[in-house]
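Look at the two complexes coming up: chain A is in both, with chain B in one and chain C in the other.
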Partner chain A sequence: MEGIKKDKNMQNSFGKVMAYMKSHISDVAAYAGLILCVTVFSVTSGGRLWSSYNISVLLESVCVYMIVALGALFVYSMGYMDISVGSQMGVYCLLIILIVNATGSLILAFAVVLALTLLCGAFNGFVAVWLKLPSIVTSLFLMFVFGGLQMLIIESTGQNSISVNLSLSIMLEPWFILISIVIVAAVVFYFFNFTKLGKYTKSIGANELATAQCGVNTTKWKVIAYMVFGVCVAIGTMFLLARTGSAGKSTGSSYAMDVMLSLILGGMPLSGGMKSKVRSAIIGSFTYALLSNGLIISGVDINMVYIIKAAVFFIVVAISCREKGVFLPR
Partner chain B sequence: MDNQTILVCKNIVKKFGPVNALNGVDFEVRRGEIRGLIGENGSGKSTLTSIMAGMQKATSGSMEYKGKVWNPDTMAYAQEQGVCMILQEAATIKGCTVAENIYAGRMSEFSRFGIISVRKMIKNAQELLDSFGIKNIKASDVVDRYSFEDRKMIEIVRAMSSEPEILIVDETTTALSFDARELFYGLIKKLTEKNKAVIFISHDMNEILEHCTDLTVLRDGDIIGHLNREEMNLPGAPEKIRFMMVGREIGDAYYRSDFDPSHENEIALEFENVSVGKIKDFSLKLHKGEIIGLGGLSGCGMRLIGRAAFGQEKLNGGKVMRNGNVIDSPLTAIRNGIGYISKDRDTEALILSASISENITLPSLDSLSEHTFIDPRKEKALVKKEVERYLIKCNSPRQTVSTLSGGNKQKVSFAKWTAKDSDVLIMDCPTRGVDIGVKQSMYAFIAQMKKDGKAILLISEELSELIGMADKILILKDFAVSKEFLRSADLSETDIIGYMI
Partner chain C sequence: MKKLLKKMVLFVLAFAMCMGMGASLTACGGDSGEIKIGVGLYQDSGPAVTATKNYLNGLADALNCKFEFVTLSQTNDEQNKTTAQSLISGGCKGLILTMDGGFTASVLEECRKAGVYLAGYLSDYETSYNNIKNNEYFLGTVVDGSYTGYAWGTHVAERIIAEGHKNIGMIKFPSYAFPHQSEMDQAFREKIAEYNATAADGDKITMTATTELQFQPLAESYLEENPNLDAIFAMCAGVDFVYPTLVKKNKTNIKLYTAGFSTDNDVLNNFGTSGNGCIQELVFSNVEAITYPLVMMINKITGHEFSDNPSEAQRVDSSQIIITNNEQLNLVKTKSLYCTGNVNDAFLSVDDVKALLAENGGTHAKLVEAVQSMDIDDLAALNN
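Entry: the complex of A and B
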């Protein structure tokens, strides 16, 4: 008798676990993906994954993805997107190098870049609303503008790439990176969960009309969200430059898609809305960086890395996006 | 009349996870009847009919149609076999012509050697529309040109043209204009004269009592009872039906019990010669503690006035004022203590994918925010108060709104504005799609708001609601006020209806 009862209890709690898994499938998939990457690469790399050198390399790449993805969270939670960040980051790297080399002031360089990112954010947010364009159009426009600028700047130097005459190695110290990402993540966590900014951007993503009827000036908050993203892009660019030390024609170009992939791997619905979480940016950027790094140190042919990434991406999306409704951004 | 049975349902059970939507229902449809189905939201009316029409499968039980086992896999198959259902939501195909919509899935009737004669199809469709007495719809037009009501009519024509044996109508009439309703009643009457059957789902008691030949009442997935025509004609039938639906006495305290139209002198909201859309020069003073009702046929412009009061429309002239401030956007409206409950509950009033808590706090975030910080404890306290006030049925305030029943959803959209402590409330059809039990409590809340000195603009398509609740009723016709009525115990729907049409 008691045995049966116990059995039933077991079944019940098993059912509950299954129900939880089902309703949190994208979270579960995100965690599972990260754990899978860690375990698989721990084995396939023969322990090299955990070497102190590799960990510092990993941290360097994670921190750029994560800082930019944390900013992107505000934009993507509205169901909007920005595919211009990659070429923007390329141009900013070049600008920082040119300004630092000419004046020696890193702060001035950062200030200029920050001003530009804020301007681009305002442009993306405001023009999209003003001309009633989908955000992909304005960011495509910016992508081409910055892509062109990058070419023009590098051509004008007459070199294939330019290097910065200032050591940024302090930014590559693990403790510095860790402190930086903790600060950025904490600030984003605060603004995303405990202020109007995050609550409004999620609401806009879930139902813009209903949000506007609650007295929210959606245009204003879109612009703010894009500008916050801009701040994170500026910070992320500094870390990118610290890593590369130089910049050329293709610097940064892959970042727009990398950030989007990180968010998806972290379980973020690209249609935005209430299910947007800060942890998507954090988990996703770890998974994404691990994927690139792990495959290479496991001795996979570099040409195969993209194919494998594509396969992983496909599987994660297939698992986590089975829910009804739109998944793609507007 | 030949009363032979056409469809039989035996012991139909439908489970959605742990929830029983139908617990073993036996149901019969006979030729020549208009069978009303009535019950509160979630009583199982739509579930039962959608199983008959092939939209979903029963968990267990069997059906027989024209003497054979009936187990349709799709709605298209059911329709082909003569069981046709018109749904609550619009189901016309965008970008196609009216004729294409009417003959969707049946175009081969007009094809020769694989080429469809569009001209012939349009001609046939037009003849069909004409034969039904629908004059304002042209078969060659693209459906997008037509209003929701007209598209609903096109759907009805489509259903009728397939000459169904059983036509199931799921709360379609709420979407129709007055003329279209009359037309529709005529059409279903004709069907029964041809010895077909109609199943008619509605929340509107008057409509059911007037047009159905038989009535079945459902509650919580069980059939509670049947009424025939004679029983429906008895005095006291509405009370009896309500009792069957709710399972308890509704009592007399349904609407406001007092007939005192007095209010405070202070003006809460003022329209000064407002021109918006086709409305010209509309003026109105809404006082504290006053309920003003706006009535009329849908499309008469009353919704526009509600939207203008909340700053959602661009005015062509005049202004909407509150406390000396011009209301020109939802933001200024809310800052001046105005709240708006939209008729489009699921698309405008609520964020379905958000939790109860997130929905209720959204308009209040501005005032909850202190130096950017929104304290979760304050949010929680605010939500708790509202959930308790309205007795919102939920496991926790973190439950997603999309999982709630219609009545509870509507409670959430009320709660948004009481949480914000709005002094002026604009309610556009606040009890639409809400069942009697919840309706009664909504009316009690509205009456309480009046006592608390709130000003209410009540826009409604139900005259009985306006008569029961408003201090003053403005009837609109063709974008102008055709008549004003003051609250009185003698006022009846027949006094008003003439000014609407």
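Entry: the complex of A and C
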């Protein structure tokens, strides 16, 4: 009798585990992806993954992804997206360099860029609602505008890339990066989980019509969400610029897709909603940076890195795509 | 349930770290002293890339080196820094990069942190050289031909005069990207002016104002605006940016003297007296020039130094292959490493390179002489 009871208990426990796994498949896939990357690259890199130099390199690259992804969380949780962020960051890097080189003031440069990011955030949020356009269309418009601006600015300088006449090396110190990440993550965590902003953006992602019918001014919160994203873009741009102290025609170009990939790898549903979590940005950024770094230090041909990243991305999306019809962003 | 999952995650992470540390110790223990060098090229394919890889891989065993090849971005500094960081993290003790830019200083800072050395290949490091030439982690660079463009500009002018062309089109890339093409332009004009000073009125040579191509093919309207051209001096890569327009506009009667090279049959079959005879001069740098940064790097990593080691990192010219007739083209097609990709066709054999190392009695002067003794006459002499 006791044996049968034990078997039943084990079956119940196994059933519970399976039920939990099924209902949290995105989270499980995200954690599993990170664990898999850490495990595999720890072995294949011959331990170089854990060298102090590589950890500082990882921190440096994770930092930009994570800060921007934490801001993007508010937009993606609404089921919206912004693909202009890469070209925006490229132009902001150039502007910071030009302003700092002309005035010597980093604060002024940051203030100008912050104002621009807020303006673009407001534009993305408001115009999409006002013209009843999908958010991707307005961000596509901004992407082309900023892409053109980036080319114009760099060609007007007559150089392939321009450098800032100010040392930003303190921003690459591991302690500075860690503190910055922790502060941004803590602020985002608070706003996303304990304020109306987070609740309404998730609610809009879950059911925009129902949210509006509950008396929430969805237009206002959409604009605010995009503006908060803008603040994170401004901060992320500073760290991006600090990496080389220079910017050129393609600076930032890959970040729109990188941030989206980071969020998806972190288990973020592209349809947004209540399943959106801050940890998606954190886990996803680490996984994405680890993938890029780990493959190369493991000796994988750089041409194969893109293919492997695409395969990993496909697998994670395939696992975490729960329902038909709610996968793609609005 | 959540707690269980978290415990599982922590356990696996701890396990992975232990595995990693273990593997690290194993890797250190098993290191046979092989020197890993990262090579960043600005192209990912093509005959130059193939020849460079074959040459270095052919030297690898004899020099106890291993080479990791990556492609650099021509427009994204941050991506280049990330690539350099990954190479360093991957265990490279030295980096040989074909590109210089705003990112070079930050890459050199990474080198300093990790105790890794940087050197250049077929690049004059124009942006950074003056700021980094005294940096102990920068070992110098070998230039794509001559640092200044005067010699080649004068040489082409002499050919144009000898061939009797009278109306010459002048084309180059923007000065911000290729500042030394202005020197070619200047040297060419000076030589022609010298000739015109004594030539009869009907023999004088005229030149158009120099057109700058923004890395786009030559506009068809250029040929309509300059209908009487006999020849074009394309200081830029004319095979890719000028010749296709001449073909398209059926203007292959205009002779093209250009920098650059191609293994494309459409180019090779229309060179000199062959085919339409449009292309009259081709130029390329030898991949064997990478011997300079390679030897400097191995010396530094193995702790050896030339008796005549320069006090600051050098920017060394390399000799180029200048092809002016069909016989030379045939020689290049069949006997140069660039075209055949065969390491046995290299100017420098494995033994030659080993002999250039400081530990084997090599000197800096001999090394410089080696990378400056690879012109078309040297190729002909090597194969006689």
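As a convention for this text, the second predicted complex is superposed on the first by the 326 of 330 C-alpha atoms of A that agree within 3 Å, B and C clash if a C-alpha of one lies under 4 Å from a C-alpha of the other, contacts with A are read in each partner's own complex, and residues count from 1 in each chain.
One rule holds for everything that comes next: contacts are C-beta pairs under 8 Å (C-beta built on N, C-alpha and C of every residue); 3 or more make two chains touch, one makes a residue touch a chain.
What you see is a predicted model, and the numbers here were worked out from it, not measured in a lab.
**Q** In the superposed model built on chain A, check whether chain B and chain C fit or clash.
**A** fit
**Q** State whether A:A310 touches chain B only (first), chain C only (second), both chains, or neither.
**A** Neither: A:A310 stays clear of chain B and chain C.
**Q** Going by the contact rule set out at the top, does A:M274 touch chain B (first), chain C (second), both, or neither?
**A** After superposition on chain A, A:M274 lies in contact with chain B alone.
**Q** Tell me which of chain B and chain C touches more residues of chain A.
**A** Per-residue touch count on chain A favours C.
**Q** Of the partners chain B and chain C, which touch A:I179 in the superposed model: first, second, both, neither?
**A** After superposition on chain A, A:I179 lies in contact with neither partner.
**Q** Should A:S246 be classified as contacting the first partner (chain B), the second (chain C), both, or neither?
**A** A:S246 sits against chain C, while chain B stays out of touch.
**Q** In the overlay of the two complexes, what angle sits at the CA centre of chain A between those of chain B and chain C, given in steps of 10 degrees?
**A** 140
**Q** Which partner chains sit in contact with A:S163 here, chain B, chain C, both or neither? Use first/second/both/neither.
**A** Only chain C; A:S163 stays clear of chain B.
**Q** Quick one: smallest Cα-Cα gap between chain B and chain C in the superposed arrangement, Å?
**A** Comparing every C-alpha of chain B with every C-alpha of chain C, the smallest gap is 15 Å.
**Q** Which chain A residues lie in the overlap of the chain B contact set and the chain C contact set?
**A** On chain A, no residue contacts both chain B in one structure and chain C in the other.
**Q** Any idea which chain B residues touch chain A in the complex?
**A** On the chain B side, the touching residues are 310, 312, 329-331, 333-335, 340, 342, 347-355, 358, 362-363, 365-366, 369, 372-374, 376, 416.
**Q** Please output the residues of chain A touching chain B within their complex, sorted ascending.
**A** 191, 194-196, 199-200, 202-203, 206-207, 209-217, 273-275
**Q** Taking the touch rule as given, give the residues of chain C at its contact with chain A in the complex, in rising order.
**A** 1, 4-5, 9, 12-13, 15-17, 19-27, 44, 68-71, 73-83, 85-91, 101-103, 105-106, 109, 113-114, 174-177
**Q** Taking the touch rule as given, give the residues of chain A at its contact with chain C in the complex, in rising order.
**A** For this pair, the touching residues of chain A are 16-17, 20, 28, 31, 35, 38-39, 41-43, 45-51, 53-54, 56-57, 60-61, 158-163, 169, 240, 243-254, 292-293, 296-299, 302-303.
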